[in-house]
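Paired with chain B in one complex and with chain C in the other, chain A is shared by the two complexes that follow.
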Partner chain A sequence: MEEVKLIIDGNNITVPGGSTVLEAARSAGIRIPTLCCHERLEPIGSCKMCFVQINGCAEPQQACKTRVQDTMQVTTDSEQLFSMRRESLRELLLRHPLDCPVCDKAGECLLQDLAYEFGVTDVHQHVNATFETFYPTSLIRYWPERCIVCKRCVTACAEIKQLGAIDIKGEGPTAQVYPAKPERCESCGECLQVCPTGALTENLSRYKTRPWLSKRVMTTCTYCGCGCQMQLNVMNNRVVGMTVPNVFGVNKGSLCVKGRFGYEFINSPERLKKPLIRKNGTLQETTWEEALGLVASQFSRIKKEYGRDSIAGISSARCTNEENYLFQKFMRAVIGTNNVDHCARL
Partner chain B sequence: MAGLAAAFGSGAMTNPIRDVLSAKSILLTGTNTTENHPIFANYVKEAIVKNGCKLIVVDPRKIDIVELAHIWLRPRPGNDVAWINGLLHVIIRENLHDEDYIQNRTTGFDELRACVEKYTPEYVSGITGIPPEDIVEAAVTYGGSKPSSILYAMGITQHTNGTNNVKSLANIAMLCGNVGVVGGGVNPLRGQNNVQGACDLGALPNVYTGYQQVANEDVRSKFAAAWGVDHLSSTPGLTVTEMFGGAERGTVHAIYVMGENPMVSDPDINHIRECIEALEFFVVQDIFMTETARLADVVLPVACFAEKDGTFTNSERKVQRIRKAVDPPGEAREDRFVIAGIARLMGFPLEYPDTRSIMQEIARVTPSYAGITYERIERDGITWPCTSEEHPGSPILHVGTFTRGKGVFTAIEYKDPAEVTDDEYPYILTTGRVLQHYHTGSMTRRGTGLNRLYPELLAELNPDDAGRLGIGDGEMITLSSRRGTITVKAKLTERSGPGVVFVPFHFSEAAINVLTNSALDPTSKIPEYKVCSIKVEKASM
Partner chain C sequence: MSETKTMTINMGPHHPATHGVLRLVLELEGETIVNATPHIGQLHRGIEKLAENMNYQQVIPLTDRLDYTAASLNNLGYCMTVEKLMGIDVPKRARYIRVIMSELARIMGHHLWLGSHALDIGAMTVVFYAFKDREKIMNINEELSGYRLTPSFLRIGGVAKDVTPDFIRSVREFIEVFPEALEGYHRLLTDNIIWRKRTMNIGTLSADEAMSWGFTGPSLRGSGVAYDVRKAFPYSSYDDFDFEIPVGDNGDVYDRYLVRMEEFKQSLKIIRQAVENLPEGPVNVDNPLVTNPAIEDVTEDISALIRRFKIQCEGPTAPAEEVYHAVEGSKGELGFYLVGDGTAQPYRLKIRSPCFLLTSALPRLIRGHMLSDVIAIIGSLDIVLGEIDR
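And now, the complex of A and B:
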């Protein structure tokens, strides 16, 4: 692809033809505030935050939708641009309550950050429309009064998933997200992932945490072979949520319903907590010492009585590489048999 | 994945997931990708919608991805070799095969050509029910839009002729020069998160780590030295299914299970129960009291993925970290401590200071993992083969030459599935997964969230068949095979073709594997889950 040279805030920049002004600015480390645009989605252009001045254009243009041209000269910051952006932000906040103290998203909310940056303190929500809160999946809660109708969610569902389960209905201050084709929803949470505010929240965990209170541990999904990367949110030794950075792994921020919402089993009260051995026909709680002692002595006895190959081990496609390695080493080196397999055939 | 290993020298996915974005066409078969590998499905969708890639779907069920397909072929379950031979026939007839590639990189082409001679579109149509013109169109699309990527999963392997099905797919990929190139390949999608890793790390009866044969003396002495033992057995061991058979015959006396639930996942589970009951000693190590654990003499509670460090290897052979986030509940321990505890009592030390040092030992004894260290995969995983610490990893296999040297074409004749329908059992039962649940359901069915979305077992039935049987949507029906009977709720849907019933296997209370056939593929030993004959009746109240 041919290259295009342009000047942004006095810097000479070269980018591939077809790039947007926003992409060009970012490639040079110049920040233009944005709200609706998202690295995994095509430009949306709903938030009106990214205005820039371009030499030869009378009106400021949206950086996310304007393609670069050779010799273009762009200004990203000026008094006029600042007040335009501030005005756009005020518009958005007109329909957004400042309920940050009770919102799950507070602390990692793009809208909150921008309101802080632009010093918008004097907006009082005055949209009093009645909204519908229906959402196509019970795993996500929609808070229409917090929704700024940026369309990220709708775009993600349509572009990444090709599903179009949700759409926008209504105009201006009464616009809202609604389940356009609820039967198509896969509960993937792609919409939740891209929402910049607290308008979509996970509707699962009874235990909630604020972003600054929980620890986040990067790990790999335990379900299918895609191997998605994810962060477990931990509070008080309990997994209470899931976040997904947009840059890691094959999934780049996506997950499916199992990966995103399937963590409840970790805290299940049905988890086994003590070793059990069968006594008089029933399984009864015991100590590790007794349980391991019994296993070791039975294995030793059976090996002696019937030979090494009378014992077999089934390892697991759910366990780690290290555990599978140890298991087969145990069967081969300690028991002395190659009778080791796992259920991958299934 | 014996079929791919025979053809190419390695049974793993040949290309990375992202690679489908470079494909000009995709042949997707025996995988309900949107439900079972949703993230892979995102890439397939992007390839089609944004890059104009052509999608060919071959599946007896009208799965969701069919709506994006350019061509959908609907064979009857178990007919795979027939339609693939049909594609091979047309590609050769239309001269769409890659002569140079065949000449330089493969063997066995002449036998293949002779074998597929008779598989004309009309002949194949007679076996599969696919219209002849659709077979031609699929063949011309695959052969004419290169590179082309083949994606498949258990819909291809879970048959008595599963290995042949896979070899057939390898045939078609080599025929068009699609192996070892960006955007091409033959890609088996792994159902469980670490199937690839379990295979790589030697949880197989005939190989140590990295597919090093137990029958090879040099390999054996290397492992004996590394592990500090005098002797290692040179006889390949038993597969899971043979282990249970051994229990029944009295040659296997004890089985040690780590984290598997064959009482739901295995075929013909009434039989499995009898086998387990015949054992003298049965140990299960798991996070839940599974149906299998209930039969054990000793049950050992262990940590789940969020409670330990380690690595998983995904479908695309990428080794990635998992990290401990919370402590295990109660007295549950990590599996490695349990194994080491038993070993110590048997007089063998298996303790390691941490999982990092286990990986160091793995790297020392496994050429394909030799360059993998926790330091290198801290931020992003590495794809094996990775033969030294300087090696960047190998996202695409078989570039320039196949792992085994030349790629092997195999001439394969079509054979009927082990069990065919008859007057008494006129319907075909096929099993699989649904989006919201995982494997035997022991994890996904224990939260409120996922269960809320898919709370009960549903048998998918074609509306025409239901009409004939007088069955309404949501009514209870009984399904019976030669092995057992279950009662389930019916869901009428066009997704099931006429004469075909689909039932997911996540539900232990109505375990579908009471019905399935334990007939095995002779090479891979994979049971024939995808096809068995049943009868369908309205449940008597």
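And now, the complex of A and C:
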């Protein structure tokens, strides 16, 4: 692709033609504040934060939607732009509830960060609208007053998941997200993942922690063999939530419903933590030495009495590649059979 | 041929006259000191390190615990350093209130010095009078901030709240009665023959030597060097006030005593001017990134709520730069060297403790004197271990 040379804030920058001004600025390490733009989504252009001045244009332009042109001269920061951005933020806050103290997002909320950074003051709220709070999945709660209608969730549902379960209805201050095709929803939480504010929160972990109080532990999902990367939020040694870095691992922030919401088993009191042996008809707790000893002696006995092919093994997709490899090795080399199968063969 | 054997004894760290937990290892020949080694660090609380894990506002109460005899002065030094780093200009009314608090703290610090210094040498009466008057300032502190010894009243960008008419009234009352009390101290000590014998020509340090030891504050001025940060590098509107810097001639214990006694008077003079000319206006800088919005706004305005949330939970951020700022503490030049890294927490905070340098000269001052003079000399340097050990 042809290269384009332009000047941003006095820096000469060369980028591939067809890039946006925002991409060009970011490639040179120049920050243009944004709210609706997301690295995994096409430009949305709803938040009115990324305005820049371009030589030859009377009005400031949106950096996320403007393509670069040769010899363009761009200014990303000026008093006018600063106050325009501040006004945009003020408008977004006009219908915002006084929720930060009880909002799960508070502390890592993009809206909050930007409102503070731009020193927004004197928001005189005047919008009184009634909203519909129904959301296609009960795992996610939608708080319409907190919503800034940035359309990230809608775009993610349509672009990343190709589902289009949700959409925006209404105009201006009464606009909101609504379940356009609720039957299509997979409860994957892609919308939750991209929401910059606390308008979408996970219903499981509501009010359990604060972003700065919980420890974030990077781990790999155990549900299947894909190896999706995820971050468990741990507080007092309990898993209370899930956050996923956007640009990491094979999944790049996406998870399925099990991966994103199915973490409560970790601290479930019903979870098996010790091996059990059936003695006289009831299952009794025992030690690993005894359990493994029993399995080994029974395997040897069966092998001796009925032959090695009387034993078969089936492995699980929740194991890693290495574990599965070891498993078949064990079956073939130790037991001596080729009766090896796996649940994912179906 | 006769042979002299020296004796080594421990003084402190639990000795009441070592002003904290200073341990001095003294080598004696008879009653004469041939060598002395100060051992410090027994009050180390890691304040500088603790500060690295707190936001800028949270560090303020830690600074009270440096020179706890004059806590507001430490607040002032720290807050001004942060303000310098963040580029904040404090409104005039706040600066005046800070001056009042600081000078009251200086008087408080000097009260403690006077009482314990005299007590150490054997003049028991003075401490009762000194502490009686110190109590008055403690009451003023309590009325204003809720705390007597460690007010933590200053904030980055101003002070915690505006002063009340009651505060002004009690400060005025104090200004009225204190000169007479000061006269009383003088009558007890200044011409007292025992006091003079115990303090004159003891622990003498020339001006050059005092400077090369890094002395500052009253201990330096006692040796005749008129260096005072308030005059040399005026801060917090100190150049608005008319006051003098008392200096001594000989640099002995007695001269340092006289300098501090005169400083009582000068501090009072500054307080009087500050109270009488206290300007109207806000007591906090008008900066949405630093100043907490009023609580009434928080219950109505989401932007105020957001700001309060961010300021309280995360705190204002400072740029990745470094600054040094010093104020005249009650013991000398109290400096803060602060490095920011773009976050809400200091990257490094280094405190220049005047007492640390004063203590380093102790062996030099003590050597050759009698054991009983050690106490007079420590008292005259007015060291506080909370600040040395940090």
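Just so we're on the same page, the second predicted complex is superposed on the first by the 271 of 346 C-alpha atoms of A that agree within 3 Å, B and C clash if a C-alpha of one lies under 4 Å from a C-alpha of the other, contacts with A are read in each partner's own complex, and residues count from 1 in each chain.
Convention: a residue touches a chain if its C-beta (ideal position, glycine included) is under 8 Å from a C-beta of that chain, and two chains touch if they have at least 3 such contacts.
What you are looking at is a predicted structure, and each value in this text was computed from that prediction instead of being measured.
In the superposition on chain A, A:T243 makes contact with neither chain B nor chain C.
Residue contacts after overlaying the shared chain place A:P101 against chain C, while chain B stays out of touching range. In the superposition on chain A, A:V257 contacts chain B only, with no contact to chain C. In the superposition on chain A, contact of A:W212 is made with chain C only, not with chain B.
In the superposition on chain A, A:R90 makes contact with chain C only, while chain B stays out of contact range. In the superposition on chain A, A:Y325 contacts chain B only, with no contact to chain C.
By the touch rule above, chain A contacts chain C in their complex via residues 90, 93, 96-98, 100-101, 106-107, 112-113, 115-117, 119-125, 212. Residues of chain C that touch chain A in their complex: 287-289, 293, 298-307, 309-310, 313-314.
Residues 137-139, 160-162, 186-188, 204, 215, 217-229, 232, 234, 237-239, 248-251, 254-258, 261-266, 268, 270-278, 283, 288, 291-300, 302, 305-306, 308-334, 336-346 of chain A are the ones that touch chain B when the two sit in their complex.
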